[in-house]
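Dumping the structure here so I can ask a few things about it.
By written order: A, B, C and D. Residues from 1 in each chain.
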Amino acid sequence: MIEPGLYHMLFISTTLFFIGVYGFFTRRNLVTMLMSVELILNSVNLNFIAFNKYLWYDKMDGLFFTIFIIAIAAAEAAVAIAIIINLYRSHKSIDVENAEDLKY
Amino acid sequence: MPNATYIALIPLLPLAGFLMLGIFGRKYFKNTSGIIGTTLLLVSTVLALYTAYGYFFEYGKVDGIYQKLVPLKYTWLQFSEGVSIDMGIILDPISAMMLVVVTFISLMVHIYSLGYMKGDERFPVYYAFLGLFTFSMLGLVVSSNIFQIYIFWELVGVSSFLLIGYYYDKPSAVAACKKAFIVTRFADVGFLIGILILSFHSGTLDFNTLIATLTSPETAGYKSAAAASFIGVSALTWGLALVFIGGAGKSAMFPLHIWLPDAMEGPTPVSALIHAATMVVAGVFLVARLFPVFAISSPNALSLVGYVGAISALIAALIACTQTDIKRVLAYSTMSQIGYMMFALGVSKYGGEDGLGFTASMFHLFTHAMFKALLFLGAGAVIHYIHSNEMKDMGGLRKYLPITHITFLIACLAIAGVPPFAGFFSKEEILLAAYEHNPTIYWIALITSGLTAFYMFRLYFNIFWNKEAHVHGEHKGEGGFAMMMPLVLLAVGAAVAGFIPFGHFVSSDGKRLETAFHLQFSIAPVALGLAGIFIAMWMYKTENNKPDKFAASLSGLYKATYHKFYIDEIYTFITKKIIFNLIGRPAAWIDKNIVDGLVNATGNGTKDISEIIKGFQSGKVQQYAIYFLVSVIGLALLFIYWWK
Amino acid sequence: MSGSTVIFYLLAALTLVSALLAVTTRMIFRAAIYLLFSLIGIAGIYFWLQYEFIAAVQIVVYVGGIVVLIIFSIFLTQQAGEQLSKQKLGRQLFAALAAFCGLALVMLQLAQHAFVETGNKAIEPTVANIGNQMLGVDEGGYSLPFEVVSMLLLAALIGCIVIALKSKPETE
Amino acid sequence: MNLSLLILLPLLTAVAVLLVRNAKQVKVAALAGATAQFVLAFVLLFAYYKERATGNAAQMLFEQRYNWFPSWHISFHLGVDGISVAMILLTAFVVIAGVLVSWNVTKMTKEFYFLLILLSLGAYGFFISLDLFILFFFLEIAVIPKYLLIGIWGSGKKEYAANKLALMLMGGSALVLVGLLGVYFSNSAQSFDLLQLSQLNIPIQTQMICFPLLFVGFGVFTALFPLHTWVPDGHSSAPTAGSMFLAGISMKLGGYGCLRVATYIMPEGAKEYATIIIVLSVIAILYGAFATMMQKDLKYINAYSSVSHCGFVLLGIGMLTKTSMTGAVMQMVSHGLMTALFFAVIGMIYERTHTRQVSEMSGLLKRMPFIITVLFIVGLCSLGLPGLSGFVAEMTVFMGSWQHPDAFRRVATILACLSIVVTAVYILRAVTKTAMGPLTAGFEELKDATWNEKLAALILIAGIIAIGVAPFWLNDLVSPGAEVIMQKLSR
């Protein structure tokens, strides 16, 4: 086993990202899609932190971005869930296949 | 020098009459418009006579040669350096002569119409149109610029159109006015292209410069015009021939004559003015105007003029023998006489004794105007009396219309070439000129002159002798002073105009030309004329079946001439079948289906494509995300590996 | 091969495996729990990287906030024990393929790229440092974004209420 | 003379039309504005003459320049030469006549007049701008109102026609835009300024690409074959004033653009493509004329004849001589006045008889002498009667075209000359059928023109006759402008 470094971090974050993407593509339930989005966001956060840690340890910008992303993610999740609940109310379903009113 | 203002007033007064009566006539001059128009024209006539007198006897002649004076010239439209349309006045023997003829005949017609058109609903409009025509015709004859002549040429055409269609609720009149306009328009295209050719080579539109350039072989313009050729014919000949086509259209030469008989749908005084005495000789006038160029530089074009004239004269005379509508007979007779004038020009040469044809042609134009106007006005009086144009409704009218009868007889004798009436002298000169220069045309002319006498007296006897017409309704007499006075005046003209020594005034080169009178030469035509008269008398003086028998014995020829050699049918076939069906209809179809179809196909194609690609906008978020990711990957590959 | 290395690999495995399970399981509640584990794993990695503050934030906001929110929304919209409907197989395969291609591409790029670290002296990401810079107004200070984010949160708060508010019945 | 007035005045009129309260006030405001424009156009004409008389030989007079978008070298650059003055006069004539004949519009009067005035604003701006970007800007302003005018107030297949017209014109202006950008980025000064561009030599490769783009783009407006099919549908579906504006002004935008923009700044390109232009325009002339012969609807007749007549404009430009270009501009002015009058008359007849089918009416002269007299005048003008404007313009084009001695151009000119016969045929068919013959039953009670219609017709007739009787003033106005283009061409 090799000593973990930047590349390990990047591997984790990339894999996490594409797991999230896969989930986003295959899930039909809006809540689970939201979960995939959270995974993607987290992978980005991890990237920021990793770069901050290994490349630019003289600054804290990556760290701040992470904080802000987390804050925004919280807001996003709240709004998304509000939308999901509203959709559930009007469509009696949160299946994404049924929410296709915005076509053509 | 002449006073340009007076001369300019000659055409402008009728124009003023047109504007005044055309705009305000309906409201303010309902009844007085005839008087106004006539008065204005009277002033014009006096001015024209004054001008002609001044030109011929005072200032026109320098060193024994009549000069071409240009007292007025005003640039109207400048095309390029040296090439411009000028509005101007040219005074030379033929224009001075035409001024007199046009104003005089027009005045006669104006006066005559006071009686003839009395009580017509559109009286002011009628006089306005007459004024427009007179203006245009006068403008035409004094034109100093070939384009100016074209302008007035068109205006004459349109006033003729308006007057033929004067009885606008009669479908036949509407068809006739359309036909007249379109046929002459077709010919005018030839004229226009001819103008373009001539002006391109001579570098000018001005008559004097143009003639000077194109008649002197050393100028650059002449050289280029003679050198350029198309199908082996020089540009100069093409230009002149095309100009002649314009003239032939207006003068109803074969094969562009078909509009003239139909034009008789107009009021009879109008036929007298436009379609007998003045407008239809415009073609002759045009050739005469360019005569030096024709004669000196392009004998080929001139012989074309000659043969077209001769053929027209013969054909028209043949057709005239079988027509039954008296105005149509007169129309064909007009065409035939204009054919005379044309071939007289065609056989002429420039200058000296050889220029006899030119003088003769102009002389015949002059006398023909008198007696043909008289014939039409006389026919008008008959029609006015009997309310029909057909010979079969007439007969024995000499008792009811004595003045008309006498004047008509004088006119018939004049046109038949019986001495000492006017037609005899002018026709004699024409035949002499033809005899000297072109035997073929001479023989055609001789035959035609016999036929002329025959059909004119056929007309005369059918109207005034033959059977007794059943005149119904009240007898209104001959139409009063207004109608009779022009008849008498014109009859005097038709009787004595021949004694004018025309060659002294009008000749191809402006020099004095002595026209000798050859007694032995005139025997043949006079004898033929008298023979024609006697045959007509024998056949038509009393009601009998000789004409029918005669017609039966010549049934093929009779039928062909009765149907005017089927020329109208040929034209109808060409226009209706070929132009409409083979060009017009396909053009409209192509536009609707192919060109517009392409446009619509573009529209529909766009729609179809959008129909296809709108599937991408499914509203399914995940699909969008997939497109997004695939595109990102694709772009990334593109940027990394391909677009270094 | 030190203990810390082992711990890292364990954390990494936890994160990735639970993430994978979170997107593949057909029980929605379990998916939420797997997500929870994955997020905890990431928090662990932050700890391992000695970014304690971020790790704390991660646990507080994600684990304590968002996941709870998600679970609540599951309760509101889902019958308990219901299995998630299955996606079409083609879509699944295609998504897997696309994800794998993307992953391969990115990994390839990463492998080919040589990262250069800065040679400057490191700053300790202590809470004090973070706090100073976060609220600093001088060069490099983050007070403006901080305020903007706070506005955003406020807006989101209000937005949530408005969106989720029961709309008035359209017609009687 | 401040040229901005020509833009401000319609703008003020448009605002006034929007602000006033009822339909009557709208009409009065629009008429007042149109009259003011009319007066202003004459003021401009005389100011122009005066300036020239005092010896000002500058190419463009009354120039004004404001920086608009300095970093892109776009400036609000105005100026006129004789050609522009002629086009502005035309616009003023058509606008006032159009406002007058729409006096009876009852549906959404305010919007209707607003759009009319907006269109005139676009046209004025187009004719006076010397910066290509501004020019394009005004061109677009002039396009959009047409869509609404046809779509809302039109008749027949109005949606189809409006869509077709708007799409084709927009397509044309898209080509223009591409061409303009091509010119902009390829010239060394990166300039949109017309005068500056005319001094530069645009590389021949650029010209070979950009000239056709610009020419075809503008050509769509002026019914370049085969992109003319919006003309018949658009004109026949538009309301009367709409047709008048469309044929009288809009089609002239294209001709002016072809001349002033495409040919002027890229003369070598014009020379290269002259053959194609001539072929297309001769096709348009003859084919339009023959297609007209088969039409049965008065508006279609005039629309197709517009295709034919606008062919003369393009022919004049394609022939590339001073005389022919002068003729092209004269033909634009003449055709603008004539066709506006023609549509006005058709509108008047339609309002009374409720039909435009030639076969369904005859003998109207008996009931409405004024209207039918105007119909005769305009018909005769269309077939090129001397004394009316059409003749002068066509003859100038012919004379100019004939100045080339090569056989190809000769044949083209002769073919174009032949169209005057065809024109006579279709005009006379339509006019005599409508006006003459026995009166159609049911039309016994028709009334003649009202004051506004009479006034509109008289204004346009005055313009037609002023050109027809005394063409020298227009010739003197236009030919120096053509001369400048020719100098650039021979350089």
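FYI, contacts are C-beta pairs under 8 Å (C-beta built on N, C-alpha and C of every residue); 3 or more make two chains touch, one makes a residue touch a chain.
Since the model is a prediction, treat every value here as computed from it, not as a measurement.
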Statement: Between A-B and A-C, more contacting C-beta pairs sit at A-C
Query: Whole-Å distance, chain A centre to chain B centre, using C-alpha means?
result: 94
- request: Between chain A and chain C, tell me the centre distance in angstrom, where each centre is the average of that chain's C-alpha atoms.
  value: 5
Task: Averaged over CA atoms, how far is the centre of chain B from the centre of chain C? Could you give it in whole Å?
output: 99
Message: How many angstrom lie between the centres of chain A and chain D, each centre taken as the mean Cα position?
response: 61
Overlap residues in chain A, where contacts from two or more other chains coincide: 21, 25
Task: Two or more other chains in contact with one residue: find those residues in chain B.
output: 622, 626, 629
Multi-partner residues of chain C (each touching 2 or more other chains): 91, 94-95, 98, 102
Query: All pairs of touching chains?
result: A-B, A-C, B-C, B-D
Query: Residues of chain B touching chain C in their complex?
result: 622, 626, 629-630, 632-633, 636-637, 640
For the chain B and chain D complex, residues of the former touching the latter: 26, 75-80, 83, 85, 147, 150-152, 154-155, 158, 165, 168-169, 171, 173-174, 177-178, 181-182, 185-186, 188-189, 192-193, 196-197, 199-200, 228, 580, 583-585, 587-588, 590-591, 595-596, 598-599, 603
Task: Write out the stretch or stretches of chain C touching chain B in their complex.
output: 91, 94-95, 98, 101-102, 105, 109
Field: Residues of chain B that touch chain A when the two form their complex
entry: 614, 617-622, 625-626, 629
Task: Note which residues of chain A are touching chain B in the complex, please.
output: 21, 24-25, 33, 96-97, 99-104
